[in-house]
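Labels A, B, C, D and E are assigned to the chains in the order they are written; within every chain, residues are numbered from 1.
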Amino acid sequence: TAAEGQLRIAKQFGIVYLLLNVVEDQKLIEKHGKAAGLDIKVDYVQLSGGSAVNDALLSGNIEVAGAGVGPLFTLWDRTRGRQNVKGVASLGNFPYYLVTNNPAVKTIADFGEKDRIAVPAVGVSVQSRILQWASAKLWGEKDFAKLDRISVAVPHPEAAAAIIKGGTEITGHFGNPPFQDQELAENPQAHIVLNSYDVQGGPASSTVLYATENFYKSSPKTYNAFLNALDDAAKFIARNPDKAAEIYLRTTNSKLDPALLTKIITNPAVTFKVAPENTLGLGRFMHRVGAIKAEPKAIDDYFFADPRIATGS
Amino acid sequence: MISAATLSDLSVLELAEPRPRAPVRREAASARPASESGESPLLRIRGVTLEYRTPARVVRATHRIDLDIHEADRFVLLGPSGCGKSTLLKAAAGFIAPVEGEITLAGVPVRGPGPDRIVVFQEFDQLPPWKTVAQNVAFPLRAARSLGRREAQERARHYIDKVGLTPFADSYPHQLSGGMKQRVAIARALAMQPKVLLMDEPFAALDALTRRRMQEELLALWDEARFTLLFVTHSIEEALVVGNRVALLSPHPGRVRAEINSHEFDLGSIGSRAFQAAVQRLHTRLFETDPETRAPTRTTAS
Amino acid sequence: MISAATLSDLSVLELAEPRPRAPVRREAASARPASESGESPLLRIRGVTLEYRTPARVVRATHRIDLDIHEADRFVLLGPSGCGKSTLLKAAAGFIAPVEGEITLAGVPVRGPGPDRIVVFQEFDQLPPWKTVAQNVAFPLRAARSLGRREAQERARHYIDKVGLTPFADSYPHQLSGGMKQRVAIARALAMQPKVLLMDEPFAALDALTRRRMQEELLALWDEARFTLLFVTHSIEEALVVGNRVALLSPHPGRVRAEINSHEFDLGSIGSRAFQAAVQRLHTRLFETDPETRAPTRTTAS
Amino acid sequence: MNPGAVQRGPVPPIRPEYDRVLAPFVEAPVERALPRAARLWQQDWLRKGLIIAALALIWEGLARWQDNDLLLPGFLATMSALADGLVDGELLDRVRISLAVLIQGYLAGIVLAFGLTTLAVSTQFGRDLLSTLTAMFNPLPAIALLPLALLWFGLGSGSLIFVLIHSVLWPMALNTYAGFQGVPETLRMTGRNYGLRGPSYVLRILIPAALPAILSGLKIGWAFAWRTLIAAELVFGAASGRGGLGWYIFQNRNELYTDRVFAGLVLVIVIGLVVENLIFSAFERLTVRRWGMAR
Amino acid sequence: MNPGAVQRGPVPPIRPEYDRVLAPFVEAPVERALPRAARLWQQDWLRKGLIIAALALIWEGLARWQDNDLLLPGFLATMSALADGLVDGELLDRVRISLAVLIQGYLAGIVLAFGLTTLAVSTQFGRDLLSTLTAMFNPLPAIALLPLALLWFGLGSGSLIFVLIHSVLWPMALNTYAGFQGVPETLRMTGRNYGLRGPSYVLRILIPAALPAILSGLKIGWAFAWRTLIAAELVFGAASGRGGLGWYIFQNRNELYTDRVFAGLVLVIVIGLVVENLIFSAFERLTVRRWGMAR
């Protein structure tokens, strides 16, 4: 259904989609399309929830979707031989923190029966996968799901509120920016127990964009313009973090504290680039624990071939 | 009443036969009813058995009823409570299909209800509660007759006046007394000026005075329009006054016990010797409850 | 009926006075009703005006009604359709509060309904459709009297038999004819053996035979238990047979026009000279519709 | 009965008869206009207002007691957020967008419900179809319909309307059908006696007679349409920034502006109250109450 | 009327009178047992079965035509996933967990609805309270309650039940109240005449008389309880890995095992059908149908 010149992109809520906000605001895709002699009609669709995004992609209502790395592996695995969904680009490296307001908890081993760790979806979200991975490292592959028992699925906002204010059963939250940063900023008791980078062995892509093979093959010019635009945006943000923050606040109508936002963007652990980084490990882990059937062997197994991507890992 | 007869149409053929004015006839217990007289009845009820099916069982309401109602008849059904009068009326109206026998109207089997046979039901909830008295009376005129709005309203007003409810024309049914509700239903039926009118104890809820007025009204209208009336009542006097022929039904399940002529009585004859005698006769017949112990009383046409 | 009287309890004091048997008295048009005779009535209706409030307007159903119903009275309300008989009965039952005047029962103002005054309504939908005939009759016995299950059932069976519905004891109301439903309601009320029984045209839906039987039954029960009966009817004959005193109401809004004694008539007197004369008299009274043009007829107690 | 009493029980006294000439009735008008209608109305508002005020008080108290304004902001905080949102026009805009979709879905659901119920009252097949379909689809959550909606209607308001219809159709059909079944037999017969059948029978007899049940179906449908819309807007999101109230709630929830979330919810409540007290109850007063079909 | 006709219109013939002795009625039993009851029942199943089969066929056809089994798996694929899930016992386990919670919430909702409606029929304050509360809370989506549920009931089934009550209470109360209001005046008076008041009046008069409306409220409540449970389990259900059917659906949906998602939904449908056709319709047959209050 995808045709050259049409691009519908689904993004979810959050600062991890900053790259797309900049692309949208600066009309970068249109610019690169024109350069290639193509009028690209771009639509940005805001959706909430990974499965809604997947459904929209698989039903052909959008060309490009964004979600965590974990869902990409799942989608890639399930659509092999069908729609052949693969990654398009990374949206940058963000660390995910497991934050707790329980002073007794210093490492994940300290979580007791009374504690509850909030994640977006128990077992299947990126946060859960990383927690499983960390558990596997700590207690061995067999016990990778040990902490799933005290994990609960709570949407980020409620979980953040619970961590900040206390008074509920939730004592841990494996979130994402800006929630984790808000928790740390607003509750002096809150501290980091686990950093996803530590588990993944260094800075790693957190959110990625992906598309169907059909789009990749039938709209090469659009695809190319899109990647160029992302690349431009990544560079723009790296150069002008304040401007990027301003764009984010303006385009999303967000009322987030600008200082906190700038702090997140300029966090040295955060980088904006399109090349994926450190993703294969998670894929391999997921295969090991049986979450996906096929084993990803190399980056181009699950990312579409492109020179800007091939440098990734 | 004589229409173009085709050879295949038996009932019409029958119609063409000379009309015998049978004098007083004495019949044996097994005698067939009057239809043998040759005049083709408008509404012919032949061996009609009516039953109610409930989830648990089947109740037979009437058993093999034979009745002939001729055009312009004022035919009265008289019988004890629960003998199946209402059921029979509903069957004639087309609401209940016989399990045995057949009901024909002008030779055509009755298949369902229709505005050619307007019914006044026994129950008080036959008035749509969302319509005022005036709207209630105009309702079938607009629905079935597709009369103009103005015309229907005028006609409705006329008949509301006949039943004495003009001050309540704009009241809703729930603001009326039981007798007033029944009068609205009567006005509604009369306003339709139907060829066949089926009335189920229409005057039961009325006081003596109003009842008398309604009876007068009904008879005057009949005199004018000569519709065919099937009338259920439990008042012997009313049966004699309103009807020209009265059928007596037996207790549950209803069977026809007798038919009696009453065409010579009208409202004026109440209190007369002959009338009192007729009342007495019917009274006696009704009070003889045990059919086995009773010898057939020979009756004479009055 | 004589209970421990305290000085503060005026109505009981009145009760203790000697009971004067007032002979025939002729009264002027403005005369107060019989309560002056000194015997304290059980149910005293004093200047009672009853109104219905609808969202749009207020309808006056009865206007300043004065009636005294003594213990063991069989008091009949007779009047044209829509004159407020049912409304008055409902007020006595405690369902409608007077806007003027007061209703007292044994000296105590009536504040609401209660099982001391059992009502038979005019409408057919007074039977809970989810109860069989037997359950319907037993229902108030269990609810109000807290009779034992067995006892209530037995009593119910007895009264169902009295109204001739034993074969239908296990039928549901929707499986009954109109008259049968009314008979269930009657059985239910009688089974309660109430001190005060209020009946609103209970026999209107019944055929002559069944009606006669019901009247007999009611009078026999009264003879046995001497309850106080307030009875609405539109049949003059029935009024005379059932009642010992008949109140005539004027058309809408209802006012008391006359009270007449009828204690000397019973079922046996139907057809007698005196009875016919009484019927005729009431008939004439009812048929004089225009109150203005009519001179006051002086009546004599019969 | 009472063996110890006088043998035949009490005998009422014989009183004199009387007969009066009644003057024509002029003392009071037989009918007069109800005077206090207006005042009663005000009291109605007053009473309901008091209940709402009490609820607001309880809310504020609870919020203060819980002291967790990120999860449960107080009434006053919510009101000030609401005022802000209304003043800068954003909230009203969102409401407009949501209401436009809501009403389309609601009306479509009602029409379909009547169609299905009309089929059900006229044929045995329709009856089976209705009972099977409602039993099957009514318990299905919207996510079951999502794939179909996406395949057929895409991401626009088409899908929203589809999901709205799902939430309105079944309860509406169930209630309407129950209402139709409860129409007294005599009334049905009256209608058929006048030759009404098919749609005109449904329209002129069944619908008015079943109006109380239909009305409660409409209320339930209305409420569920709101619920579904707010939930579905999160999923179907906001193409080109045109999200409705649901999206507003979601967005502010994500930014932990819980007071604005509650402001959005309060708006839903206010709209619900307005619809209930102005539209539904006026409709009730003009119909079932006036007709004596409900008190 | 018809000036061209005979002057006074037709005159019926005068027929002879007759009078018969009727033998006692013995020809057929006045009442006899309905013979084909059993057969009719089978046909009922048959007809509904055919409808279901037709729907399955349409489903399979649609799925094949769309050819997108990650979005819309076919009927057969779903059935095999369902069979797998049932065989390894996982699905049944999930259903058990869900049903346990569902029934608690459902019953609590019903009880509360009756309490509220009883209050509403007895006092003006109750009436205002009911109409205000339903108008306010009925349109509120469950996410509005999420924070409150978290604060008050934590993450266990307490919160689930709280949300379930919210979904059952309002429609149930609305329908019950509408049913109560439609009880014929005469029947009410009968009950009050026998001295019934308060709860025993509600229990012995209003509830049975309003049963058709209550029944449709029960059906709607049941359906919405399911919908809500499945949506709510995503949030509250999976504490300590003991998630119910909703959790099963959610998890498999996230992992794109769409056939399992549909298997879970089919199970919801099957349970709905069983409840409708065994419980509700049996209840209907034993009550309103038997009493002639619905056909």
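Some points to look at:
One rule holds for everything that comes next: a residue touches a chain if its C-beta (ideal position, glycine included) is under 8 Å from a C-beta of that chain, and two chains touch if they have at least 3 such contacts.
Computed from a predicted structure; not experimentally measured.
Common partners of subunit B and subunit D, by the touch rule above, are C, E. The chain with its Cα centroid farthest from the Cα centroid of subunit B is A. Taking each chain's centre as the average of its CA atoms, subunit C and subunit D sit 44 Å apart. Between the Cα centres of subunit B and subunit C there is a gap of 32 Å.
Distance between subunit A and subunit B, defined via averaged C-alpha coordinates, is recorded as 83 Å. Counting partners per residue, subunit C has 54, 59, 123, 125, 172, 175 as the residues that reach two or more other chains. Each of residues 51, 55, 59, 155, 158, 161-162, 167-168 in subunit A touches at least two other chains.
Within subunit E, residues 68, 71, 147, 150-151, 253, 290, 293 each touch two or more of the remaining chains.
By the definition given earlier, chain contacts exist for A-D, A-E, B-C, B-D, B-E, C-D, C-E, D-E. Subunit C meets subunit D in the complex at residues 1, 19-27, 29-31, 33-34, 37, 39, 49, 53-60, 63, 68, 70-73, 193, 223-226, 244-245, 250, 252-253, 255-261, 263, 285, 291-292, 294-301. Subunit C contributes residues 90, 93, 95, 112-115, 117-119, 121, 123, 125-130, 139-140, 143-144, 172-175 to its touches with subunit E in the complex. The touching residues of subunit D, when paired with subunit A in their complex, are 66-71, 143, 146-147, 150-151, 154-155, 234-241, 243, 247, 250-258. Interface of subunit E with subunit D (complex): residues 44, 47-48, 51-52, 55, 66, 68, 71-72, 124-125, 128-129, 131-132, 134-144, 147-148, 150-151, 170-171, 174-175, 177-179, 181-182, 212-213, 215-216, 219-220, 222-224, 226-227, 230-231, 246, 249, 253, 258, 262, 265, 268-269, 271-273, 275-277, 281, 293-295.
Considering their complex, residues 184, 186-187, 189-190, 192-196, 200, 204-205, 208-209, 211, 287, 290-293 of subunit D touch subunit B.
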